[in-house]
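Scrolling down, you'll hit the structures one after another.
You will see chain A twice below: alongside chain B first, and alongside chain C after that.
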Partner chain A sequence: MSDAHAGDAAGLEVGFFLDWIERTASAVAAEKERLTSLDAAIGDGDHGTNLDRGFTAARAALEAKPPEFPGAALVQVGTTLISSVGGASGPLYGTVFRRTGKALGEAESVSARELADAIAAGLAGVQKLGGASVGDKTMVDVFVPALDALLAGLADGASVDGAFGAAADVAESAARSTIPLRARKGRASYLGERSEGHEDPGAASAALLWRALAESVGGRAR
Partner chain B sequence: MSSMKKLINSPESVVSDALAGLAAAHPGLTVDVERRIVRRAAHASTAGKVALVSGGGSGHEPLHAGFVGPGMLDAACAGEVFTSPVPDQMLAAAQAVDAGAGVLFLVKNYTGDVLNFQMAAELLEDEGIESRSVLINDDVAVEDSLYTAGRRGTGATLFAEKIAGALAERGADLAAVAGVAERVNATSRSFGIALGPCTTPAAGQPSFQLGEDEIEVGIGIHGEPGRRRAPMAPAAELAGLAVEAVCADLDFTGDAIALVNGMGASPLLELYVVYNEVQAALKSRGVSIVRNLVGNYVTSLDMPGFSVTLCRADADLVDLWDAPVNTPALRWGA
Partner chain C sequence: MKLVGVVLVSHSPKLAEGLAELVRELGGDQVPVIAAGGMDDGSLGTSYGRIERAVSEADQGAGVLLLGDLGSALLTVKTLLDEGVGQEARAVLADAPFVEGAVAAVVTASAGGDLESVRAAAEEARLFRKL
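Right after this comes the complex of A and B.
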């Protein structure tokens, strides 16, 4: 039996989204020290701690008040991140999830393509809020090429699993590609050329989110 | 690896424990330890006054909670160490202190603070409460360009909180109070130098490594390295560097209010040595210090070092500066 193809309704339901958040929360917890040490080099050394606090809170919020549909789950995650993380990551990641969730509306089941389009809305929201473009050494450097890869994969008729997997691969390589860049946004920008030679912590955490998404797609019940 | 020794119970509880201590030490403040909001206890007396709300990451004490009280802030929100507080806190603080004349948010220019206060202002508008936000961005070490997050808010935050606070106390409206805060920011500049790193309670390790004879020049207030590393030098030279950087950016010829600010771990003995050099260097440039502060006001945890902030002083600003203030960290004339 082959994988569902892009044209098929992938039928991602609320359970899939809870699984994605669960995998993201676990990945952030596991990589907390690495994210924090990346941040120590060019920021203030708390990115892992702050995101871990946020996703722990998001996980608890979803358990306390189980959402009824995918969009509600992501809006709830975004709102919780905004209320619990602080710093720049709270509003930025919170906006990604809130806008993605709002774009999904009240559908009980969404296709891979609908999810990709919703993530595009989330990305547009975060770019409007933070003002970052590709090359500024931020999470946007990961989101833009990963989303492009996902949309291209789905359009080419690749399997849904393959398209999300390729997007996660692109995300991870895009995070590493921030190493030589000079930061133009956020606290790392104060360092000027001294920000070069370090992976951006926000790009690194964004890659975790994309990998978790690919794993949830790969692991979903068919 | 062993962690730096700290006077804490745990890194997780340090902010809450400190706020509980602030509450115990200052009955003039109402402290919501859980939501991390500090406000004046006797708030009823401020009916019709513009409310001043600020906030930011913890680790800069006495900024901001230490400046809550008559003549200065109405409320302050504390975030995690070096992490902006969240919009919910700012909204709750603003709602608690709004006295019908609107709310002025004083925001240090850091991406996190800007985004969270922006969200709070939107939420407050939904509640029908008028607000204005003034960004403080006085640190000349950062090039203000498309290629940075813009200049950081440092020592001028204290000037803006004091002077706008005094004007609000006199019954000025929101536009006037915001206007004077903007004027203070536009005519203030700062520059900082660190002799060593700081250590956040969560990290337990220094924020950067410096050689025995090295310093970081052009630092902010979050333990981040500066714009460049330089060899250690006598206080006269370091003070000269800071004065040169500040005065190269804005002409301060005439009267000025000066802050020689400790970053947290430099003794007052040394800060007065620096102040003496700063006033001498300014004098030779035709700048007279008409009011000053020397001490730890806008700190970066346990960082050794100092910053210099100047504000152009005209009669109006000096009059507002001299107005009574009664807060944990700044108190005169009251």
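Right after this comes the complex of A and C.
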């Protein structure tokens, strides 16, 4: 194959998912201070520290017990986040990863479309758990439009790289779009209108996850 | 007689332990009341493992009622129950105020109330006016 879609047919295997988690862990570590200072403005000022602890633990867990297939990798990450983060982001991100992983089942290789559908299951799980909708100033404000962009890109026949890249762009702009919103979930919701004018830390970390995903897709072996 | 167990989940180990002390005083020492506050190292936060252990400690065979203080304590308990933890112990989460709910739950449990009545007592505690 010599067209722009060369390699798109190749499935995503466990190594891809380990790379995604590795990139996410590095991004969270690099942005730890920024996430924490966003959280200090409207939350309890521990988002960066908590997520960094969680992804550091997840990275160690994957090394200690290497998963055999993609779904197992994500379930393991989710379980580790739930038990190691300590703040609300543990159960929330933990649920995203566990549900996404469970939706992938035991397949050794998944298509981009299958991954997108599995992320939709992860998003549904976290929305059920936290009860947040779009506009509540949470990670959901990033996941919903990013996933829509990904599904639209894949359906339009865009390259897989392009579809994930576009989704990450949408995720980053969606995170910034939480700035004027008034928080309706979590600790920030107690602040009422004083939560306006600050980027939501959960939305900011969600954008890191989408960018890491796009980078893993762009950097995968063909 | 097997009594319903009560698990108190808080970000703060001191808050959970202090409340456990208070409700044991008010509800007698027959009811298994287990505090699951903070992280494993004693810092503020919610520990999946601590809650899991507290549920099995509180389980006498009559069910276990969990009460949580805020955000991540409740999210962690909901996640854990969704994962099937505490299924054997018949653990349920109360939609109740932490202090008043715990008092109502323990008093009801000490009188031999079943899991549904203990949960209902905790949830009705939200209606108590203070003034």
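Methods note: the second predicted complex is superposed on the first by the 212 of 222 C-alpha atoms of A that agree within 3 Å, B and C clash if a C-alpha of one lies under 4 Å from a C-alpha of the other, contacts with A are read in each partner's own complex, and residues count from 1 in each chain.
By our rule, contacts are C-beta pairs under 8 Å (C-beta built on N, C-alpha and C of every residue); 3 or more make two chains touch, one makes a residue touch a chain.
All values reported here derive from a predicted model rather than from experimental measurement.
Q: Fit or clash for chain B plus chain C once both are placed on chain A?
A: Partners clash after overlay.
Q: With the two structures laid over each other on chain A, which partner does A:Gly45 touch: chain B (first), chain C (second), both, or neither?
A: first
Q: For A:Thr36, is the partner it touches chain B (first), chain C (second), both, or none of the two (neither)?
A: first
Q: For A:Ser83, using the defined touch cut-off, is the partner it touches chain B, chain C, both, or neither? Pick first, second, both or neither.
A: Both partners, chain B and chain C.
Q: Of the two partner chains, chain B (first) and chain C (second), which one does A:Gly153 touch, if any: first, second, both, or neither?
A: neither
Q: Looking at A:Gly130, would you say it contacts chain B, chain C, both, or neither? Reply first, second, both or neither.
A: Touch partners of A:Gly130: chain B and chain C.
Q: Now for A:Gly165: first (chain B), second (chain C), both, or neither, which partner does it touch?
A: In the superposition, A:Gly165 touches no partner, neither chain B nor chain C.
Q: Could you tell me if A:Arg187 is touching chain B, chain C, both of them or neither one (first, second, both, neither)?
A: The answer is both, since A:Arg187 touches chain B and chain C.
Q: Of chain B and chain C, which one touches more of chain A's residues?
A: After superposition, B is the partner touching more of chain A.
Q: Taking the contacts chain A makes with chain B in one complex and with chain C in the other, which residues are shared?
A: 50, 82-83, 85-92, 129-130, 186-187
Q: Chain B touches which residues of chain A in the complex?
A: So the residues of chain A in touch with chain B come to 36, 40, 42-46, 49-50, 53, 82-92, 129-130, 182, 184-187, 189-192, 194.
Q: What residues on chain C touch chain A, complex-wise?
A: 39, 43-49, 70-72, 75-76, 78-80, 82-83
Q: Which positions of chain A touch chain C when the two form their complex?
A: Touch list, chain A to chain C: 50, 82-83, 85-92, 94-95, 98, 129-130, 186-187.
Q: Can you list the chain B residues touching chain A in their complex?
A: It is residues 57, 79-88, 110-112, 115-116, 118-119, 141-143, 146-149, 152, 200, 202-203, 205, 207, 220, 222-225, 227 of chain B that touch chain A.
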